[in-house]
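Here's the structure we're looking at; comments come further down.
Per-chain residue numbering starts at 1, and chain names A, B, C and D are given in the order in which the chains are listed.
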């Protein structure tokens, strides 16, 4: 049970980690975001509620919620928000925070992202076959059944690359990403 | 007064109808900004002659701000345009006499733009801080 | 017209038909694409979920490479996600100096740097409809898509978010692809869900949620008797096409709507052989649709009648009928 | 010359004293500033006790100059000038330093605040010593008044003045007065019929001996100043000879050309090419619309002319001009309504059964396109369910950040009308329900009792994309019900968009024409937001109604009456003082270069051929000082803003800079220090 005002610094953290995040202070709780969101019905909390919770400093509950992970980045909320709050970017911020705080228990979403970037960091390109294999094998053993034929069909349709492409400048890319992460203090 | 805590002394000429009222609005809205600009009320920026500006520098101002109504919004129809012509014309001259044109700034601030006053003062104060004291400004130590 | 070209990962795999058809039509359209050497993945919507600075640096590398490649000024991509990432990074680096600073600090580790604004990032369809233009396209149409009723589906990331002054079109109801398909001779559905979400990565992380979104789109396209949905995004195409059978299984529906790329439709209208446009690689076969080309439309559009004396109807804003 | 300067520092309670060491400041001024003989601080200088303090000192200490460090001169300069005058000191020998607006309210660092305060006081003290006695000139006030805009605000103002026995020229752009109120059916919260209460006032205006109604006319030029404005009115050609027209309306009946009426019918209805916006129009004369008339388009038709029983049609008529002289001007130019197709997700213009609030007002109006029947765009089907969306273009940074004030109540009114005239269910989508006036909250409760539903959540979108059978053929309003934290989709037949009130498209041009200012949004700016709401910064020009900001009918009417009262005050006083801040040319110095002649915005400078010098007509000069600054031979001096005065003010402001000589007496004549 989280008690209110546990973490007043939370609001500040979110704002400083999001380009243009200051506008979060002016949220008028109108619900345009929650109303516009394609995943709205599946979220533990609507974006609007998340903002109220951030304001109240209920950090853990926010970082535990599935809301940011159900954001499909359609940007409807962002263009409709009457206060021009960069909602989608705030969702990304919350994803990063929850991964670092290891608070989001249903690990599917984060691990999908992790699998995805593993390939990007090793090859410089994304790679569906590997992703499907790795992600579904490590993640949804039950779903493998479903995904097997799926991937197969993709192959038949000639719509899967069999081998990952590796870019030439992979070392350069790694150096860049390494530096970037150190800058962000990861 | 030593340089690392150099506080610029800036003279501001604000028109009575737009910019001076914007400063009033900044006040009533309690918007905080640097105390470096000391403001003079003129009826219109059109009244701000080059002599005013030179006098301010001559008396040791580190910067001069001239602020009036937006183009087309001048209470006297086009006084602000004369001010613009004058300021533009003066800038190269300020370079030649070694004051530097960055020390003279013209801004349009409407009566409703209280926050803008704070922004402009902040920016301009910062600019002048970067430039350092004016070559003409010989300070006596305050006590 | 010469442009830098950033295909994006999917065009080599899941969206191979997009790549093929793009290559097939740029010639006739007089577009010269110069691929960015050794470009890397843009990170889709996933990378930024884990690292912010790294995500911008990842994209920054592509921008830096393109900008330094014999002075390219315009960078074109056919993928909505890549388009958003490239454009948003350029825009944010201009808008938020701190972000630009960090990104360039990271890029420096690879001996690169990028200055916001050095490149104009544009989507393939933007140059097709605006640089080539509808008239030039119309001239090349040898096989009008007469008889086809098409639902133009733009997806999210080409329409949103707001990224500076210049905008391709409306955030919610763009019309440039509608005009394009009409130019090709097709009967165009006024598709109300044209910029709604295709489910994005939801099909991966919560298929139930993803299927619902796909169902909504298929349902409405079906209601509008669309022969096909036309997309300009690999992710949209994959979700609507490859998962259509999953959706049918899941909701006991039997949608059978082929999902094609606008480049393939242009190719068809230009008389290029379906095979050379990668048609046949889609999950939901477009064979039937291709056959229909040239036939009479099933639902002829009723011409708007002049207002009669007894007509009580109220004027529609914008659409004036005088009596 | 040694002046005796009195310096008075106001605490303004803690407003100034909270940041600035007022006692210290007064002390410092007394000790360091030459010429200062009295220096005091007091809790409230503007209080009667504070004022007496100054009067006493002027009398007993023989002060010759007065400086008050308090609030902005825009608040109390007049007050203290009067104090000086009462004590026999010329009011222009007074100077004010804005310690509150420019220091204590905007500065956090106390020491820096004190430093700046000393600078401002030093500046004022040095300046005031060079200020000269000035006598404001007194001019008579022309008792006639110009009212611009014939909406309810302009009607109210005109009647107040006319009934008081003064002549009013009421200018209206459209063919009839009445404004937006004439378009409405009912008015909240009492639901009395708009026409019933408005039309009597309209005909009063039409028949009043003291009112010259200039409809279908616009103000072309304005010049002059308070008490004595010269105005040129353009009366647009209506192609109807008003002296012959009986207003029988046969021409309208016979006119073959029907067009959509985008103005009065808000695009929901039609009118003829020769038309009268509505039956009770005042004046009764129709006008022929040049743009749509078949005769002007094709050169044939003249149906109206054929059938007019009095031969009142005149296709040769031209615009005519009217030159007036008035003492005061009241602007009641009203507002516009937000163009809803700017918000694509609400589908206006794309989805037939999405209506704007103005369209719906016309639909409800018994004299409107549907005779008051509430129907869908097909003109026959009655809706079973209606959604009302609030804040369309209001409280939205993408369009207008402000609250439009009237929409919540209008939405409640609409809810009532829908439920009264149909069996439809009504749901309102609101962010905050704002009902802060007499009887308004009660009206809200009444609608709840009548069964109107309220969803707290801004509608996200209106779509025709049905997902389920019960949504088929409907408009679906999707929103988050923020009180449930759940997304809801509510299928309805009709959607009403409560569009924001916006300034008239040409508000800025009008403001410029009358020499007043606009807010960033384009609303006319009042002299003081609380204490002087209907006056403007330009003496003799007043504003009332929605041209000043969004407001409802009661507030609009009050302002119209208030503006009239202010004008009556001016008329009763009979004369007005003109600030003596004018420029004068020293003929001996004038080289006759004529540079100043074209610079003057008021052509107040003429060239005297015989003397070969320029001359300034004080009556026309407004004292901007542009000519003073521009004169190459320094021959022009600006009263109250002379070079010497400004120079010594600069010197004082830079008291803490060597070369400023801040504490010393001001240099009498200006020496250009740049050798």
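FYI, a residue touches a chain if its C-beta (ideal position, glycine included) is under 8 Å from a C-beta of that chain, and two chains touch if they have at least 3 such contacts.
Keep in mind that what you see is a predicted model, and the values were worked out from it rather than measured.
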item	value
Central subunit by CA centre of mass proxy	D
Higher-contact pair (C-beta pairs counted), B-D versus A-D	B-D
Separation of mean Cα positions, subunit C and subunit B [Å, integer]	51
Mean-CA-position distance for subunit D and subunit B (Å)	29
Distance from the mean Cα position of subunit B to that of subunit A, given in whole angstrom	48
Multi-chain contact residues (two or more partners), subunit B	none
Multi-partner residues of subunit C (each touching 2 or more other chains)	171-172
Of all residues in subunit D, the ones touching two or more other chains	345, 461
Pairwise chain contacts under the document criterion	A-C, A-D, B-D, C-D
For the subunit A and subunit D complex, residues of the former touching the latter	28-37, 40-41, 45-46, 48-49, 76, 80, 82-84
Of subunit C, residues touching subunit A in the complex	9-10, 12-17, 38-41, 43-54, 56-58, 60-61, 92, 95-96, 99, 102-103, 105-112, 156-157, 160-162, 171-172, 196-197, 199-202, 204-206, 208-209, 213, 242, 281-283
Residue ranges of subunit A in contact with subunit C within the complex	17, 19-20, 38-39, 42, 69-70, 72-76, 78-79, 86, 88, 92-93, 95-96, 99, 108-110, 112-114, 116-117, 120, 124-128, 135, 150, 153-154, 157-161, 165, 167-169, 172-173, 175-181, 183-184, 186
In the complex, subunit B residues that touch subunit D	7, 9, 11, 17-18, 20-21, 23-24, 26-28, 30-33, 35, 38-44, 46-52, 54-56, 58-61, 69, 72-73, 75-79, 82, 86, 97, 110-113, 118, 136-140, 142
For the subunit D and subunit B complex, residues of the former touching the latter	72-74, 98, 100-103, 105-109, 112-113, 115-116, 119-120, 123, 508, 512, 515, 517-520, 525, 537-538, 581, 599, 601, 622-626, 628-630, 638, 641, 643, 646-647, 649-651, 653-654, 656-660, 670, 672-674
